[in-house]
Structure formats: structure tokens, C-alpha cells
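Here come two complexes built around subunit A, the first alongside subunit B, the second alongside subunit C.
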Partner chain A sequence: MASLRVAVIVKMEPDFSEGNVSYNSDGTLNRAETKNILGPHSAIACRAAFYTKVIYGAEIYVATMGPPIADSALQQAQLISNADNLYLFSDRIFAGADTLATAEVLKTGINMIQEQGKKVDIVFSGHRASDGETGQTGPQTAWKLGYTFLGNVISYYVDIENRKIRAKRLISLQGFYDIIEEVEALLPVFITVDPLYKANYDTITQRLAFMKHRKEASKKAQDYKQYLNVLNAQQLGVDPKLVGLPGSPTIVYKVEKIPKAKPTRRATMVDGSDRGQIVELATKINQVLSGAVVE
Partner chain B sequence: MENYDVAIIGGGSAGLAALQHLSSLGKQAVLIEAAKTVGSKNISGGILYSKKPKNGKVFNVEDVYGEQFFHDAPVERLITKYILHTTSRDKLYSIDLTSAHKYQANFGYSVLLNSLNSWFAQIANESAEKQGGGIVPGVHVSNILFDEGKTVIETDELKEFGVKAIIAADGVNSEVADLTGARQKFSPEELYQGVKVVVKLPEDIINERFEISSEEGAAHLFAGDVTLGHIGGGFVYTNRGTVSVGAVYHYDSLMSHPTEPHELVDALLDNHLVREFIKDEVPIKEELGHGLSKEEQLKIRFGASKLLKTWDDLRTEFYSVRGRRNLIETGKYKSEQEIKARLDTIYHDLNTKYGIKFSTDYVELEYSAKLVPDGKRCRMKRPFLKNILFIGDAAGRGIFIGPRIEGLNVGIDDAVRAANAVSRSIERNNFSSDYMGEFYTKSVEESPYTRDMREIDKDYLKIFLDAAKGVPKDIIGSRYGTIIRLMSSGTLRGLAVGFANMLGYDRLLPLVESEETYVQVPTELAERLGRLVSATYTPKIMSISQRIANLQYDDDSVSHIRIIDSKSDFMKKMVVLCPTKCYSSENDEVTLQHEGCIECGTCARETQWKHPRGEKGIAYRYG
Partner chain C sequence: MANAFTDKGNSPQTIKAEINSGDVSRDKYLHTYVIVEHEDGKPLPVSLEMLGEARRLVDNFNDKYSSKEKVVALVLGSGVRNLCEELPFYGADAVIYAESQELKNSINLIDTKVIADIAKDKGPIREISPDDSNDFIRPRYMFFAADNIGRQLSSTVMAELESGLASDINKLIIEDLEIKHEHKTKGKPIVYEKTLEMYRPDFSGFLWTTILCLDNKNPAIQRDYHPQACSIIPGVFSPLSRDTSRKGIIINYVPKISEEDVAKVKVLDRTAITSSIDFDKHKCVVSFGRGIKDSPEDNTRLVLKLAEVLDAEVGVTLPISKRPFNVGESIGSKYFVPDRVIGTSGRKVNPLLYIAIGISGAVQHLAGMKESEFVISINTDEYSQIRDESDIFVKGSLEEILPVLIEEIREQRAKMIMRVKE
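Then we have the complex of A and B:
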């Protein structure tokens, strides 16, 4: 029996990395054409969960709410976290959900996992999504679950015996940013992971476990469907009034076009194999630095 | 503090064999390797041999990894042809030395160390895991402490840990040896510098050019004026879909009249026979979309490079038996004709749509360099200190005799012997020098490889004498005349070799390993007896800066090398001898830019030299 049980909630997002984004003619995001991936913040949450796998041998559940194709995000999440179970909450009636309605589905999902007699000690989520940017889903899910909420965590340590967690969080205080606060809380907790999160594996035993679990993860992820559970609204037993559009008090009034940056700078390509062009570039740099460069 | 039974430091082919063997003996061991992925810091020529000496036994690669070596190991080609060419400009005189290659050998495969070592690592790691050990990559050992009967290992990345025994397999520039004072740094007389480039060439073309089948491989060796007057020689080894072209030169000879290392490979690439060996159809990189707007130019270049890649990938597949079969079996193409037709279409499109022309040239993939220890001169006579056993290059153990360069098989043999010694010590819980170190030393001394580092093998010598029968005596010169006469009779040969061995390699080497042997005699041979070979093109040899730009590094912000005396003669020579031009000289002072360092060790002798921290520095793709 694993001594620690951990859930990660992740989100499939459009791939915003260069060259992968596609726009509609009106300047909004073309969701159909843009490749979908596991969101970068979700990936960080998975890395944080992987730490519990390596260090405490935790049992890991990864859950997401999304369309059926979101299973590929779960596969990526499994590859990073070496998760034991994958949950996809997918139903038409979930469409149009705002953060609160999403939190309702996630909460129900996690509770359902717990009802199978498996208490979840820590829930991880990214600190926000790249396409929604509200950063609300996490805290709202925590609130609905009734878990202690720890935001912007950059590292943590679990005291399994005393069922306590000690975490470092990045906060801003009286106008100063990047203050590190160390907090202790009783399990269960809900953690949103800061992008600066760093896992330290600093003993031989930990490194060996790290390598072992990474290998295991890639084996599992190749066969991820075997670990996948797809559940609809009815199977989850959610209240239809609390999910999807009906469950969403937020109304998106208008989405601004993705503004095209005004070209204030002009880039010139320099071919590195052309000596002439390099000399030209060097001359320009020299001019800009008003001759400060001697040679 | 954590404690483990055994730490193996360094995951080259020697360290990995030690891990595999120890694990197979049921012992727990962890292997620490600085590279992010095992194999990415190792280079070789190289031919991996398995040997069957007449007297005594060596432990071969297949003894360590078992039958699966033959089925799964990513070796390149079984070498079946071994030819020495002496050169004088475009003249060549060739001697078939296949019998020297086959001498006491089960087999010799050409290999690329990155893929081979990562396969070894996968197997060894699985075995080690079963014993509670395994491989820890990305960690650099920085110190070893002996503290109240405990041996403690410090690293740049992890908390210190204790061990009962250490196997040092950290290569020719062993920091373990340095840190513990187990031996002096090797001197130029004891070393060779090896430089290699990997050249791309489709499999079928290799078969045709080198007159071999897919199940065969060729090794061509070069001596004469291609050496640019240095003691050493060049080689061309066929891999599956690449060719390794390299040069290995006596470091002392390079110190006495410094030549930039890449020039030695370039001289080989420029040789007319080598040019013909490696030539291929290569797209000419010209500026595309001349006269168009920048945006249009970019579009065109993008399209062209995409199509070029498709052409290149498909062509590589098409020109290999396995590739062709694969394309048809996976249903991508119905027949070979169809693939050929597709290739022709792409070729035509490249030509007409993008104006890309093709010419004859060669394609270079990777440049690499490393020092190699000459075991005749520098093997550690007692390869241990306290509870640390040294193996492979770290122990200065490699065979350099004429064209024989063997470090891989020697390292594997050492590894088994060291693992046996450590295993025995674990069982007795006795890691003392007397029990472990001495036992290992005795075992290594018994190895036929050590015999090869100590004395001349008259039967091996005879192969060369027989091969040189046709050579006019006056070329061999007055110096060798007597030797040859002595050697040509069986009884006299026995006596002569016996006498020579009594003198020992130390006295003999200056005579045999001389410019006369490696440069003058071969050059004269080629000049007088050689055939003309004239290449059909002049290769555009990659510049050293292009070569460095093609390498992959993870730069460390802190330099792993510190100059001690920036005005010394040694450092001035490094400006020329560093294979990646990390040193430059200004106002009589030598300065270092460590970012381009490929960790060859050439500058190690008179600098404060370490490997970069874990995961940092060079990462080869071929090796």
C-alpha cells in the first residue's frame, strides 16, 4: 500500500510555442488547427507530483476535464509523473464551463476517487492555464474539496508519519516580490505549483529511484489507455445544474483579438557563413555603441 | 550519509562492463557518470575486438553481455578487410593486412560509441537494479576522502556517500588518479592524440565503394606523407551508413613540431583514395531566392530545406537493404521502383522549383578528439590505490602496436578482472590493498593483453614481415636491413625477438616508433612502387569553426580548466594543439575560452584540469 496518495489536475491547452499557433481570419485563436498539448503549467504540476512518486512511492492519479482528445494530454502527464491512474471527465454538458463549473467537475471526480476508499492526501495543479490565465480553477477546487490551499509552491517536504507537509511558497509582501515563505500544514492539502518549482534529487538513492520511475513512466505511457478511465457526467454523478454553461456564473462578454504587435523594431537576417554580412553587422554594432568596441 | 558497497566512477565501455559483471555476480554497485546520457562523452575509432589468445584467457564483450550482444548490440559492421596504404601525394602502395586483423581474433566490429555505450548501459543498469544498484548519470565526482577507515565520495551534484570499494573507470584524464595521487598525469611520450570525423554515406554506396557486402566491413589504414611528418597514422573504417575517418598521432611528435589536429584529419580527407571513398552527391548550399524580398527568401529557404530533408532521409533509406524493406513493409511504397521514382521527382523538384544543384563532395557529421594512452609506456604497473582499482584508459591500459589500437577490449578485460576482485572482497568483507589490490594486479598481469604491452609477439610480427616480402630491401633502409634479415628466418626470429624483449619496449620503441617507420619508409614505398590514384573532385573540407558550431554543448558558466602559467612553452603549444582552438595567444599570454572544449585532455598536463560538472560540456551524437 502506498503511504501517500496524490492527485494532479491538468489541462489540455493549445500549443503556444512558436510555429504551432493558428489564427482565425478575425484574429482569434483557431482551436481546431492549433495543436493541443499538456499545458506547460500542468506539466510543472506533474513534475511536482513525480517527486512524491520518487521520494515517497506515492500512488498518483491524474485527472482532467476536456473533450475526448484530451487523453493525449493525460498520456503526456503520465510520462512526466509516472501516474498509476488517468481520469478523463468528458461530457458534452461540461462545455462552456467557467472556472467554478470546472472546479465542480474536478471536485466531484476527486471525491469519487476518494469514495473508492482512497483518501487523496495532496492535490497538485498548475498555478494557472496559458489559455485562460485566470488562475482560479485551482483555488476554487480546493475550496470545494475543503482542502488547505497552498499557492505558488516552489518546493516541499512531506512528513508522512505525522501527516504534515512543509512547503516553500513564493509570495509578494509589502511591495516586495519573490519573498519565500515557509509554511507547514496538515494533510490533506491542495497545492498550486509555481513555475519556479524545482525538485532536488540529491542522494544516490533518490537519483536511482528517479531513473527507475522515469523508465517505468515511459513504459506505462506507451500503453496509457490501459490506465485511462473516461467518465461522463452521469457516471461521475455531477449535478447538471452546477456544471457546463448553466453552472457558470461568469459570462465572457467579449474576447479581444490577439493583438498583432506593432513593428517597432525591424529584424534583419544575417547569414553566419557570409563574412561580408558579419563584418557589416559588426560595423553596425560598433556604430550603435558609438565606437566603444575597439575591434 | 548513504552507503553503497561499490562505486564505479565513469561510464565508458570499461566502467559499464564492470557494472554488468559485478551485478551478474550478485553484487550491488552504483555507476556515476558525468554525462547527461551515458555514451555521449565517449569516443573511439573504432574497432571493438573479441580475442582468443593462444596462451591465457581474456574476457571479451560477449562474455560480459552474453548472446544478446550478437542479436541486439548496435554494432556497425563486421570488419572483414584490413588494408594498409602507404602514401606519397597521389601515389599509393597498398598491403593487405587482413591476417593481422584476424590474428587471434574472434571478430572485430566497427562501432560508434554513443549508441554502443548506451546499449551497454541499458543492459548493465537492468542487471544492477536487481542488486539494488544502478547508473546515476549527470553527476561529476569531485573528491574522494579516506576518513577513519571510510571511503567517502563527493560530487558536484549530490550529498556525499560512503563506499567500500571504488572502480575508477574515468578515462585517460582520470581525476580519481589525480585526486588520490595514484599516478602522475601521463606525459606526452606516453600518449597519442586521436582526432576523428564521422562522414555520412548511404549503406549501398559504402558496399559498392569498399567492395563489401552489407554483412562485411572494411578498415583502411594510412601511413606516409598523410601523417604530415608525424609518428602515427590515419584510418578509414566503414560503419553501416557512415564512415569514420580519423588520425592518431604520437603526442610527443606533435609537441616537437606542433600541427593543428584538424589538419591531420584534413590531410586524410584530402588524400585521393579517401576522397574517392567518401564522395557523395551533395546539394550545393547557395543563396536561394536572390533578389526577392526577405520574407519571400525565408519562405523559399524553409520550403527548400524541408524538401531537401525529405530527399536526404528517403535516399538514406532507399540505399540500404533494411531501409528499402522497411519502406515497403510498412506500406509507404509498393515497390523499389516506386521509391526510386519518388526520389527522382523530389530531385527534379529541388532542381526546378528551387534551383538547387548538386555536386560531388563529402558530408561531415561530427568532429571529435581525445587522448589515448599507450599501454606499452604508461600502463599502471600496480593499478590500484588502497581500495580503488583502476581500469581501462584510467589505468593507462591500451595496446598500440603498429596499426593495432585497442583500448575498448582491454578496458572490458580489465573490468571483469576488477569486478572479480571486488566481488571476492565483498564476500570476505576485506577491501585491504593486500587482499583486493594485489589480487587484481596479479590478475591483470596475467592478462594476455598485458603481455602485449610488455613484449613483442613474434608471430604477429611475422605477418608484417611476410606482407613486406615484396618490398625492395634498400627502401627498408640500412637501419632495418639487419633486423629484416634476422627476422626472416624462423629460428633467428625467435632468438631476435627474445633478445629484443629482454631489452624491453623502453629501449626498442625509439627505434621502431620513429619518423622513419611511420613517415619516410612508407612515403618512399608509395613513391617508388605506388599506383596513381586521382580523385575526381576536390572536397570542400569543413572549417574548424563550422565543425565546432555543429557540436552540441551544454555550456557551464564556470570553466573546468584553469591555466597555471599563461606564458609557459607548453601553453603556447596548446594554442596550436587544442583540437577546438580554445586557446589563443595575445601579448605573449595564453588565454582560454572553455566553452568549445571537447574534454580531450590535450592541455591537461600543465593546467588545473577537471571534467565539467554533471550534464555540462560536450555531448557527442556519434562518438
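Then we have the complex of A and C:
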């Protein structure tokens, strides 16, 4: 009897936390040695969806496109969101997709969920991935679905009766000021959740519901395979020409090391283990900051 | 790859591509469209930077291909005519503007449709380059700003135009490239003329990925992908200096905005907020990077102590903003945040003194601090790139150096004050 249906799109990403991430000697990511987890921005999207579970008793579906092992990301997502169903869109022909071809799979997947009689009112996703970082897949999926797109949402509430959502979003104009914008939109909407998003559970009732769903979530996640649906290209009914490499307008032409910038300064070397030199360094710092002439 | 023509290959596709390009007037894809963002009646700095770079690229392009392609600025808004008059002074050959109360605030749904409509419209081309107006289908290249608005807008516009997009670009080259690709060319070498090489620095700051948006010339999946589009990192390219002798035509475009779309989203309120972190107010900026990793919490506290003694604002590198370490919430939420990132994906600073602690010096970071007057870096690795941007390089571990340094700075200052009192 859920009156609100919510989908969350997540992504499995390299784990950038210290101890898990491994870098090559040239400073680049060592993908083979680095573990994969539910991306941190995806986790935030799951938290935003969980809010609809606690407050509105929403039905939640989590979906991802990825290799078979991406089901572990879905499990982590279920633990956070108390999702009712998990969907893994997995097929070798999806590999190498750029954002447009990825959005095609995600759109088709969400529409398939809808065709099962589950009209999705809100789709959440992270605002960008930590590895690709394009931030394009969310809005492109929204556009293909025909959902109104609201980017970088930091808080929201849903007016279920009137099928409306009110949301605050952060518009960051790099190198300029930031703007907090409050919007009202008709459902359905597609929301990318800003890292600043915070859910507030203010009343006792809400906190009790929060605890109840947290418990339920950990129970479900232990047994996540029971909720998992794995679908390949054929089962989804995607057009092979529109997905994977053939459906990608862009290609990666080359990857190179960014050349070192020309040295613009010649550093005086200081030996950090020599106390005398550190004393001189302190003097230098005080001189520079007091406006003394810098040689 | 620049010499692609020397190796023409024998495939019929190669020959065909060359024949087509010989006849410039028959190009379906023309001009570079730059999406201009504005606040309070003024273009954002990044928009002028994009116009400058478009001008340089298109001038080279026209020389190289003996063509007459244009830089076209697109402006959406309400009361924007005056702003449009300015844009030719910064490099636009033409400005297409759409005026409407509904365009006053940037609403993704409405802006996307208006921009896509303009991109597909032959109408403005009749004024911009009349000879081409019959053949025109889409712009050749399209530039957006890589801020929140532009990044999202570029995504939805390109989803609507069904073409390719690269985000967060900091270098652009136009080149004829011979491509051999399993899907795009069915493994045969084909020359793609006038291809925009879009360089994108990756998250580590050490790798550059070049993205191309290419038509599928493989008969099985044949398809055109134009425009070739990207979002451009603010602060990377230089704007042209304002030159009132530059001329451009200004075209009023009447947008079609449906009532249904207007009803879908309403902006209720819009408040500008300035960050509480203000690097410009401080003579000194103390930044830290992954070098704190051996003892993240304690080392961050040491850095903060130094900053306090020097009355410095605290900056971080991009990886730090992703909170890769386990540190207390009070430190994490205040310092391991995107708002403090110095570099191309954050702020540019130019303090009197910049102290880089445990920062290796990815190009992205250097771009944000190299205008500083005096730079001191502290690092265990004497070959790290930050050294090339430092006036003083202190080799050693911050755990050993900072306590001594902090104590010394304090003592010397105390003595100075004593002297003044005497």
C-alpha cells in the first residue's frame, strides 16, 4: 500500500579510503589492487531514499549497471536504504559504455520496473561518481526518462497528496558565489543528491520508525540475494546499438601523464632534521608575513 | 596522428571522407556554440574564458581549413539584451539570445529544450552565415561551463541532441585524426577531420584522458554524433581583453516554452551565499594533502595549530576532500571538505605566503596556488612536483618539523613584541 515509489541508481566504485586504495608509483590509481565498494555519493543517495522509507513508508528499488560482482554494492545499498527490491543490469555488451549509453540501460531498466505496475515517483542518484566524476549519467538518465531533473538537492519533503516535492538545492558556481535555491516540482522527479544532504528525524515517531527500518534493513541485507533481480540485455529489451561501445558517441582516444609544469621557482632546500635550519625557517616565515622584503 | 594524411589507406571510407571535406559549403555541422551563464546581469568569468578559447580555436580552424566558421554565444534569461551587447567585445561573432520571464532563473527542464531548439534551428544561421543556412543541421562544437548549472545542462542538452559529451575539460585541440576502432570504423583506418580533442584531467591529477566524440562510420551502426560537446573547468582558459572594436551580430530568438513545462517546476526562492572560508582575507594559507596519512587526526591537528599561529586559512587537496581517512567528525566535516580544495576543481589563491604540507603537487593543485607570493613546502619526498613551485623546500616528516617550527615562530614573535615594548 505504499503511496510513494522510489528508485535509487547506484554505482560500484574503487574504495578511495586509506588502507584500501592503492596508488601506482606515478600517483595514478592502481585499479587491480584497489577494492570496490558502493560509491560514497551512491551511499548518500541511499540515505536520501531511506528518508522516504522512514517518513512516507515508500517502496524502494535500488538499481545498478555493472559486472556480476556489483551485487555487493546493491547489498550495501540495501543496508542503508532498506530497499524492497534490487536490480542488477549486467551484460557483457554494456561494457565500455560512456554516459549516454549507460543512461540508455538505466532508463530501460527503470521503465521495465514501471511496466511491472510500479510507477516510480522519485529517482535518486549520487551527484557524481568518485572515479569517473563526470556527473553526467544522472541528468542524462533523467532526460531519457522524461523526469524533471533537480540537481544537487540538500533537503526535500514530499507532498504526497498533491504529488509535489519541495526541495532545496545547492548551485555552486565555481569561482563565484554559491546559491541555495528552493524549488517546487510536480512528481515524478529525478534527484541527484548533494554531499551536503542531511536527513532530519525530529519527532519521536520518526526516530522510532528510523530504528525499525534500520533493523529491517540489516536483516534484509544479510539475505540480499532473495531480493536481487539480475537482468541481461535481452531480458531488459535494450537496443544493442544504443548501449555499450556501439551506443557510445565518445571514445577514450588516449591516456597520458600530464606533463610536469615548467619549474617556475628554484627551491632553497632545508633539511627538516636540522633544528638550526628550522629556526631560520621560522625567521623567514615571520619576515615574509611582516611584509619584509623577500629576496 | 597529425600526419594522418600521409597514410591514406585504401579503404573507401577514407576517400569518401576527404571528398566531403573538400566542399566546405556542404558541411552540415557548423560553428562553435558557447552557452553563456550570467548572474546579476553580468556574464560569469568562465563564460568569457570559454568565448576566449573558442575565438582562438575557431581562428586557427578558419586559417587551417580556409573556412569562415563563427563563435556563437547563447544567452537565456530575462532582460539580457545589454549583457549580449558586451559579448562580441570578448570574441563572439554572433549572440543568440532568448528572452522570457520563464528563463529568469535557470531551470534545467526549460533551458534544455530552448538550447536544443536553438541548436537545431536553421533560422539564426540565415543571419550568421546565410550561404550555409540550407545545409545546417547542428553546431559543430558546443561548450558549457563545468559548474553545477553547466555540467547538468550539458548532460541533458546532449541527451536531447543524442550526441557525445566530455566533462571538466582543461585543454582543447582541433585535429584531423586517423582512427581505427572496433565499433566506430569496424577496425578500418578512417580519417576524422576537424575532430575536437578534449583533454580531461582525472581525479588523481596525474593523468590526462583525451575524449573524442566520433560519428559511427561502421555501416552496421552508422550514426552521426554532432555536436562534439564539452564542459570546461572555470579558471583554466584566459578571456580576451575587452575590445570594443570587435563587432558581432545580435539575434533575438523567440523561445517556445510550453505551459505544461512551466507548471512542472517553480523556483520559490534563490539566496546567494558566500562561503565562510575566505582565502583572500588571510595573508597566509596553510594546505595539507595525503602526506598526513600516517596519523591523520594528530597530523591534521598539527597543521591546524600552525595555521592558527600564522592566522592562516586552511586549504586541502582534492583527494582530502573525499575524506579518505578516519578522522573525528569535528575535524572531518570542517576541514575535509570540497569548499577548502585549492586547485582547478576548487579555489585559486594568491596569499603572501603559501605553506604546502604533505602535498605532492598534482598539476591541478599547482594551478590553484602558483600565484602565491612566497611558497614553502614540507615533504618527505624531495623529488615531488611541489618542489618546482616552491621557494623553500623542507625535506622531512611533518610530525618532526611542525612542532619545532610552531614553537620557534611563537618564540621569535614573543621576542619581537618584547623588543617593541622596550
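Convention: the second predicted complex is superposed on the first by the 238 of 295 C-alpha atoms of A that agree within 3 Å, B and C clash if a C-alpha of one lies under 4 Å from a C-alpha of the other, contacts with A are read in each partner's own complex, and residues count from 1 in each chain.
Here is the rule we use: a contact is a pair of C-beta atoms (placed from the backbone, for glycine too) under 8 Å apart; a residue touches a chain by one contact, two chains touch by 3 or more.
Small disclaimer: the values here were computed from a predicted structure and weren't measured.
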{"item": "Touching partner for A:Ser248 - first (subunit B), second (subunit C), both, neither", "value": "second"}
{"item": "Subunit B versus subunit C as contact partner of A:Met269, first or second or both or neither", "value": "both"}
{"item": "First, second, both or neither for A:Ile69, with subunit B first and subunit C second", "value": "neither"}
{"item": "Contacts of A:Glu184 with subunit B and subunit C, given as first, second, both or neither", "value": "second"}
{"item": "First (subunit B), second (subunit C), both or neither touched by A:Thr203", "value": "first"}
{"item": "Subunit B versus subunit C as contact partner of A:Lys284, first or second or both or neither", "value": "second"}
{"item": "If touched residues of subunit A are counted for subunit B and for subunit C, the larger one", "value": "C"}
{"item": "Partner chain(s) touched by A:Ser172 [first = subunit B, second = subunit C, both, neither]", "value": "second"}
{"item": "A:Ala95 touches, of subunit B and subunit C: first, second, both or neither?", "value": "neither"}
{"item": "Overlap of the subunit B and subunit C footprints on subunit A, listed as residue numbers", "value": "268-269, 271, 273"}
{"item": "Complex interface listing, subunit A residues touching subunit C", "value": "16-18, 21, 23, 26-29, 40, 98-100, 103, 130-131, 133-140, 142-144, 148-152, 166, 170-186, 192, 195, 241, 245-246, 248-258, 260-265, 267-273, 275, 278-279, 281-286, 288-289, 291, 294"}
{"item": "Residues of subunit B defined as touching subunit A within the complex", "value": "2, 4, 30, 125, 129, 133-137, 139, 157-159, 161, 287, 294, 297-298, 546"}
{"item": "Subunit C - residues contacting subunit A, complex", "value": "37, 39, 44-46, 105-106, 108-109, 112, 146-149, 151-152, 154-156, 158-160, 162-168, 177, 179, 181-184, 197, 201-214, 216, 218, 221, 223, 225, 233-235, 263-275, 283-284, 290, 293, 296, 310, 319, 322-326, 338, 345-348, 352-353, 355, 360, 362-363, 366, 370, 373-378, 382, 385, 387-397, 400-401, 404-405, 408-409, 412-413, 416"}
{"item": "Interfacial residue positions of subunit A with respect to subunit B in the complex", "value": "202-205, 207-208, 211-212, 268-269, 271, 273"}
